[in-house]
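I'd like to ask some things about the structure below.
For clarity, chains are labelled A, B, C and D in written order, and residue numbers in each chain start from 1.
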Amino acid sequence: MITRDKVLDWITRYAEILAEKRDYLTQLDAAIGDADHGANMDRGFQAVMKKMPEIRDKDIGTIFKTVGMTLLSTVGGAGGPLYSTIFLQAGMKTTGKLEMTLQDWVDAIEAGINGVKMRGKAELGDKTMIDALVPALNALKQAAENGTSLNDALERSARAAEEGMLATTPLVARKGRASYLGERSAGHQDPGATSSFLLLRTAAEQWKES
Amino acid sequence: MITRDKVLDWITRYAEILAEKRDYLTQLDAAIGDADHGANMDRGFQAVMKKMPEIRDKDIGTIFKTVGMTLLSTVGGAGGPLYSTIFLQAGMKTTGKLEMTLQDWVDAIEAGINGVKMRGKAELGDKTMIDALVPALNALKQAAENGTSLNDALERSARAAEEGMLATTPLVARKGRASYLGERSAGHQDPGATSSFLLLRTAAEQWKES
Amino acid sequence: MKKLINKPEDVVKEELEGIVLAHSDLVKVHFDPNFIVRADAPIKGKVGVISGGGSGHEPMHGGFVGMGMLDAACPGAVFTSPTPDQMLEATKAVDGGAGVLHIVKNYTGDIMNFEMAADLARGEGIEVESVVIDDDVAVKDSLYTAGRRGVGATVLAEKICGAAAEQRRSLKEVADLCRKVNGWGRSMGMALTSCTVPHVGKPTFDLPEDEMEIGIGIHGEPGRKRMKIKTADEIVEMLMEPIITDIPYKAGDQVLIFVNSMGGTPLIELYILYRKAHEIATQHGLKVVRHLIGPYITSLEMAGTSITMLKMDDELIKLWDAPVLTPGLRWGA
Amino acid sequence: MKKLINKPEDVVKEELEGIVLAHSDLVKVHFDPNFIVRADAPIKGKVGVISGGGSGHEPMHGGFVGMGMLDAACPGAVFTSPTPDQMLEATKAVDGGAGVLHIVKNYTGDIMNFEMAADLARGEGIEVESVVIDDDVAVKDSLYTAGRRGVGATVLAEKICGAAAEQRRSLKEVADLCRKVNGWGRSMGMALTSCTVPHVGKPTFDLPEDEMEIGIGIHGEPGRKRMKIKTADEIVEMLMEPIITDIPYKAGDQVLIFVNSMGGTPLIELYILYRKAHEIATQHGLKVVRHLIGPYITSLEMAGTSITMLKMDDELIKLWDAPVLTPGLRWGA
């Protein structure tokens, strides 16, 4: 079971990780973008942390929606609306819930990722966060169908996200700022795919059941 | 005797030397001024060279005045009016002459240097071209009084100019752009004193009698 | 990092504070959400024209708020498009009942944030039209990519649409005019140096002393290609050729030439560039009827330039010449 | 050297060619001797106001030629004061019978060349008054030195004297006004980077990544002292303190604050500086009634700033607000 507290831990830990990886993400963005992805995500999740007191005792749906709204008004850029969408959509699927089963999480994150697809219109292989999110979702669904354990399912989705992230390196970007570089975008890992991998890796760590 | 042709040779050779030493003079000016003395002097004497055909067969006074007028309208900065004054004043003293005795040269250059003093109001030790010109003039007059040979007199004036130039290095500038640096102007050789030394050194070389 | 700033995170806030102190006669500044709005907004019966984008492009957009140009502008963090709540509040602040035009530069982030803002504003009963500017010929236009960037033509569109709005033209007319400017304007830029995003503290890319980037945008992104530095004349040729052949402009066309500094390139160089741009346009039989020369859409302190050409007709010339009174652009008033 | 130029020796000529193509409605350009003159000069019965100096300070002076400001400007080589023949021809070109004012920045070269030009012009029967601007408090004023440099106050003097001349005030009145502006104006500047003189090809001085020069002039000369870079607020304090205490300005005084970019410092930083300058002035009880913010008296592409403060009275305010129509400064027209 993924309890509300575990969800809060996940968000809190992700905020910490973004603060640590801020410059790393910004450097990835400097290579093929405009050097702000790390700062944007960090600014957004610092704002989320300020909201923590007022959402501690709310349901998971409210927590996700609050995170989504906060990111929307603090991140900006392409990353802002996209990460905001993930949480807003996931929030719709988890209204009133105080804990999530693996299937609840699959439904929530699937809704979030579909939201990103609709907003950004990126396909797999366009060198965006989609390249990390979609494989992760597929692995998660696979695992859920096969009835594998929560730990195992989350671990697989994190691994799939990591592979997807690494696979962006050779790609020529077709969406986002990196696409302006044409061929020159190849050979660099996509910053958004990286922050998305970190999001799912953190979930696998924080939600592990012992 | 300093014939008209020797005067022309002197001016021509000085133009060549300025072209060679252009960057050196500019670097001296970069340290305590605005990095243009070399370029200014070179531009001016290149313009003088263009005038050569029309002054070849004129008297020394006309040659000097033409050089002075040409420098006035092509050099600019502080160096322009000052070097222009030297030649204009020297020209007044040599009107109609087709050759100069040592005494003629003393009178001409003295008039020129007095002109520089009047225009620039610099004293010996202010870290300007005056520090090269005045000692050179004094040496020249001395030599003339003692009836030393032309070669000897010119050599002494060039040496005196060189010593005066080197002596500007430790000085704190009180005139010209270098004065804005205050104490920071100490430790650098004055560009104008350097171009003045070169002028007199060239005379000593070109006017040597064998 | 060599900048005249205090804390990197305070750059935009402190810049806005300076604008308040300098230009309170022309504009009001609203803080969180941040937007700059005309002192006399909303103007009843007038279409509101607003834009926004990341900071670091000054005077665009905030410097263009005032009579005859923008009614409001939303500055994001440096090089980061503003958030929907900023655009929403600005939209509400300028709505005089005749609707509001959003002039949006074509960047994924700007598009998405402005779309959301437009939806929210419509939800509140405000008529909103959005026009996307995408004039940068350095980027190939294609359905499968983010498409061309919005650069120099944005400044021209803001001036011309602002003038039309002053004439009380309808939202549809002002929006159509904006599309016309976007359709008739083309740009291309280059960089001699990178720029340093304050919170990053070092240049976005390194450019050797003898190299330049061609086909850059306005966010310090590397350009399409890197090459040895060429002369000003050769560089202008490299920028003008793709511009002229893109639409293409035809002999006899009247044009406005906009030679822009990316921030660190001084005016003396811009005139040298304009001289060549004018020569090339004339050789192609184009008639240069107006010009704009200076740092109007910048990339922090980047040294470099962009050239924008806009085909003009009598309507655009009249609107271009109309009075404008903003901190960054002013004439006839 | 990273510049958008062709041959270094052609920089000034090609810049002037660009100005001809861009601004022939406002000015005429005369080549050798080089000077920029109002398209409608000479204006009968109006005092001619002219200035000049080395190039590399654009838009000063050539960009200030036009209605309400200068009648002519003489550009020298980069950082080299112009020659007497330029000033003489410009003086003749603008003399409308009411005499000509020479606004001269206090540099040995400028003083000597302008003096000669004034003598020659008087010789040709033109009434000439020369006023020397020396507002730079970074340099000690003394009988035994070249004295203080002329910097930012020059721009303000040109605007104000130009407006007075438009009102057909006499040469003596316009000259007195110029002395008044010089007496009431003080400036100080600093640099984050050096600049590169085109024909030199490398920076005039080297400044480590973490150091700045305080008390620089406008010719890329090193300043009074070098120190570690400080915050924008600290730097503004270092510039404002000597300015305010020099005259000194008294509580209750009305002032104009001019925050200038040395060329490479972008607008976003200037507003951060203005914010602090305004705060300091206000703390001293000064009333900031006017401002000027932007690159108006530059040192090629140097990154840095200068702050100029001018005490204002109703006369100066009226003249400052009067219409001006030049390539570099424009309002009310």
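Everything below uses one rule, namely that a residue touches a chain if its C-beta (ideal position, glycine included) is under 8 Å from a C-beta of that chain, and two chains touch if they have at least 3 such contacts.
It should be emphasised that the depicted structure is a prediction, and the values quoted were computed from it without experimental measurement.
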Groups of chains joined by contact, in the absence of subunit C: A | B, D
item: Furthest chain, CA centroid comparison against subunit D; value: A
item: Centre distance in Å when subunit A and subunit B are each reduced to the mean of their C-alpha atoms; value: 76
item: Whole-Å separation of chain centres (CA-atom averages), subunit B against subunit C; value: 55
item: Computed distance of Cα centres, subunit C from subunit A, in Å; value: 32
item: Residues of subunit C touching at least two other chains; value: none
item: Junction residues of subunit A, two or more chains touched; value: none
item: Category of the chain touch graph - line, ring, star, complete, other; value: line
item: Full enumeration of touching chain pairs; value: A-C, B-D, C-D
item: Residues of subunit B defined as touching subunit D within the complex; value: 23, 26, 30, 32-36, 39-40, 43, 72-82, 119-120, 174-177, 179-182, 184
item: In the complex, subunit D residues that touch subunit B; value: 33, 54, 76-85, 107-109, 112-113, 116, 138-140, 144-146, 149, 197, 199-200, 204-205, 217, 219-222, 224-225
item: Subunit C residues within the subunit D interface of the complex; value: 2-6, 11, 14-19, 21-22, 55-56, 58-59, 63, 192-193, 209, 212, 229, 231-233, 235, 263-275, 278, 288, 291, 293, 295, 298, 300-301, 303-305, 328, 330-333
